[in-house]
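Common to both upcoming complexes is chain A, partnered first by chain B, then by chain C.
Coming up: the complex of A and B.
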């Protein structure tokens, strides 16, 4: 039993470092489908963290939340994205406004920044520093993805990465929110995704492309 | 006894190298639903080439004959720095990782010279491309190793491995993940693997390594092929020993060494499957996108070095 406790503690701490890797890869990914796969992987890591938290704190609700994350973020959302990419028939590339090397440096600077921001906080409040830094880094890179990608689909993905970060931060600092609120947030995401999906169809039907940088004038 | 095991692991890296190439080819064939050549084919090919005549183009000078021997010698010498079964190596602390990197660079330099000296257009093209790639791959290769060595406060590879061995598997830090990522990308570029160079083609105008060795034949070609196989095996072994050395025999005993050997083979197989998967899934990059690929590797390795200031040791 001692081994399990050590493993979960280490897992919560060091394993979130892998989240940095998914973020860095997502920033250099050239295709939408690669980014979606990476998002799925990222959510899988977060699912594992939720379960580890459940084991450590002996919270039954954590298992329910973990199952929900697994179902919605690892399976349902990526599946919906693949369907959307298929149906929209738009080119597969992400249309980044920065080169891959620039993006990696920016993402790296954000990771560094999040470590620096969390450093003082982590010492006063007893939370795993790596995991909290990963959460802040997810929030920052999620917003960076939204700003630097021109495709409407990638902006949705950026928002989801951002949401992953907020979820992880809540999990690390307060052992997750109450179950009812958690379920509410998941429905929020689903409805939001549905609306954005419809909206991208409308953008494509009206403008014949998904490039947000070309949306300059109002059209009826 | 330690020296005997050091010799054994060096021999394992040198003599096992063609087998690694063969197995990677076999796994790739399996992924592509082909039967594929036997895993022993590289040995047969090297043996066959050693029995053939060495043809030298009339315009070539002594550099052309000399280059494969230097390449092979540097590869064999590099092997003596890589720990496999125990955290020590034949030349272990006689040189640091800078020496290892530039030993490999020396071999590449002479291969490029030989290719230029051969006088064919393909040789010159391959050499110029190879010069570009090795220049760009040098920074991430060095920086990745620098990051790991800062973490362990050792400059020699056995020292770094020894330090990592005393750590827990769960104690991995951001530095190690970043350094591993950049070094894995460097391995693909340095050994001429898929997103950077296609090791299986002689026909495309995109060839790099194959273009350079086009003029070589007989024993010289055998040395070049064997040296690049050794390089691949040594790089994979370096990745294993730097980032996953757990299971190495820290004290010398027969059972410990046997267990270390089995574990090493298991880890090597996992890496080979990963390599074959990457090579089957990823499309070859256009030549002008290779600097982007290596730019990302450089950025990741620079990050790894920066992160050494953040992570608690």
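Coming up: the complex of A and C.
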């Protein structure tokens, strides 16, 4: 067994732990910029996971997907977020509606819940339980970030975390979808973020703030 | 090749109209390209009818079911485009709210919806479904008022999250197919899936899990309760032609996606599981939306909740299955879109005449705005399912199927909610039309283009109530044949 093979095997066995760490840190982060950095880190872990899969399964397409993830999620999106935070000139805290302590407990409960949820499916799909639980935990915490953070930017970030979870689930269960479809999904995410960026400017210009919990004109 | 034409024209339209700064020039360009678009869609539908399913490459395909929905799209799109040509004179010009941007986005929106119906691949179907959200979000926020921006943001976020769940469902189905031994390259192709499902033993747990995520995901776009929160806001705040497109075409496209999955899952696990889910969502949507109709104060929100209710009716038809249930559901997608377009067109006239859609500040419309009132009455009579309009036939078919299967709970709820909705519409309509005239309409006469589209829609409703045209009936049977 070569050194690369050992390294990939080690990484594939332990990457879930790192993902759980990013998730726990993300729910206690107080500043938008910290959350964006953590998202970038999380995507980097997933990139490494894609490459490790490519080495183990000898899939050429995995390198293309890995390069795309690296380029888009680790570099381009976080960069765009920092630019957006700068340009919007709004206060930089995330405006959480739960205290950090509560958030950690909720995130912990969600990780436990993910293990419980995948337990029955672990046997049928023949994948390591940890990996699948990490994917589900990302989906759950992404949703949690979306409902518990009041800033428009944090909702976008929560959506990205949720999307990371879905991507990870596809990766570990099926080694990813066909390449064309994968690229199409990336394209959709990019355009979606672009539109949300446009809307954050419009929200700020029409309402003078970015607190989406105060958008309550339409009811009933 | 014929599959590519409608896609090319739609994209071409989106690019070309951007070159026209003047409102009239942009309108003329949009109408010209729109005519080509509708013609190419017609040719495609005809080709499918004459030669059977069409395939282009690995990713595009059209069969009876797709061409039934494409026909629906082409008809409503033609009406909306003609209506928009007159309506745009009411939209104040802004940096991005210019006519050319409006038309460009409409063509992009159309492109994504046509692609949804032409996808041969469930992954591509998902990509295009997300594309419909992206293309229409800016249209929903087009007026750039507080309400429009809020509705646009909500639409974008809620639908993107919903659609993300559908992606997860797609992946789970893909996983089930790959595990059952299908070639990964073909495991998202719905024809291959339909063929492979009976032979290969798909893991029923995975297939069911996939369907749950898909119906929640695409159900968000259909507007099933409780995922409907974006729908009334988006419909009420969007410019009227867009409200009509959202309600009459987009919701049907999402329903089309669910129907594809329903067909596959029914083959894999038996129809009981997916059909029960459809029935639950259908009844829930019908009951909740029907009750909310009673308390609405804004005309377009009222119409939006009525869309939720009708999507519920269609889901009930699909959930019942059987020859009449499927027939009723498919016919209802068409009837509902015609009636709802007519109603939204009337609501658009109300808005620009009184500058508001709040029903308590409008009264005596039958005297001040007689033509629009007539259209509103015809549309409302049709939408509550009274004869002699088309919706009566389709609702009756669904109801007979429920009776035939002795599902008396479904029958009971269905009938109660139909009466509640009838009461709600009658109450709101009487207050709008009767009483002392409030407010002076700015331009009470309809212009010829508005006359034409509203006349065609009303006539279509009447014709379908009397008798389904022969050719349409054939198309309908071809669509039903695909689902069995």
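Heads up, the rule we're going with is that the second predicted complex is superposed on the first by the 209 of 220 C-alpha atoms of A that agree within 3 Å, B and C clash if a C-alpha of one lies under 4 Å from a C-alpha of the other, contacts with A are read in each partner's own complex, and residues count from 1 in each chain.
Following the convention adopted for this analysis, contacts are C-beta pairs under 8 Å (C-beta built on N, C-alpha and C of every residue); 3 or more make two chains touch, one makes a residue touch a chain.
Just so you know, these numbers come straight off a predicted model, no measurement behind them.
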{"item": "Winner by number of chain A residues touched, once chain B and chain C are compared", "value": "C"}
{"item": "Touching partner for A:7 - first (chain B), second (chain C), both, neither", "value": "first"}
{"item": "Contacts of A:28 with chain B and chain C, given as first, second, both or neither", "value": "first"}
{"item": "Touching partner for A:185 - first (chain B), second (chain C), both, neither", "value": "second"}
{"item": "Partner chain(s) touched by A:100 [first = chain B, second = chain C, both, neither]", "value": "first"}
{"item": "First, second, both or neither for A:199, with chain B first and chain C second", "value": "second"}
{"item": "Touched partner set for A:75, first chain B, second chain C, both or neither", "value": "neither"}
{"item": "Touched partner set for A:18, first chain B, second chain C, both or neither", "value": "first"}
{"item": "Common interface positions of chain A, toward chain B and toward chain C", "value": "none"}
{"item": "Residues of chain A defined as touching chain C within the complex", "value": "121, 124-125, 139, 143, 146, 152, 155, 159, 162-163, 166, 169-170, 173-174, 177-178, 180-181, 184-185, 187-188, 191-192, 195-196, 198-199, 202-203, 206-207, 212, 215, 217-218, 220"}
{"item": "Residue ranges of chain A touching chain B (in the complex, touch as defined)", "value": "6-7, 10-11, 13-15, 17-18, 20-21, 24, 28, 99-101, 104-105, 108, 111-112, 115-116, 119, 130"}
{"item": "Of all residues in chain B, those that touch chain A in their complex", "value": "168, 170-174, 177-178, 181, 292, 295-296, 298-300, 302-303, 306-307, 310"}
{"item": "Partner chain A, residues of chain C touching it in the complex", "value": "59, 121, 123-124, 126-127, 130-131, 133-134, 137-138, 141, 144-147, 149-154, 156-157, 160-161, 164, 167-168, 171, 174-175, 178-179, 184-185, 188, 203, 205-206, 209, 232-233, 236-237, 292, 295-297, 301"}
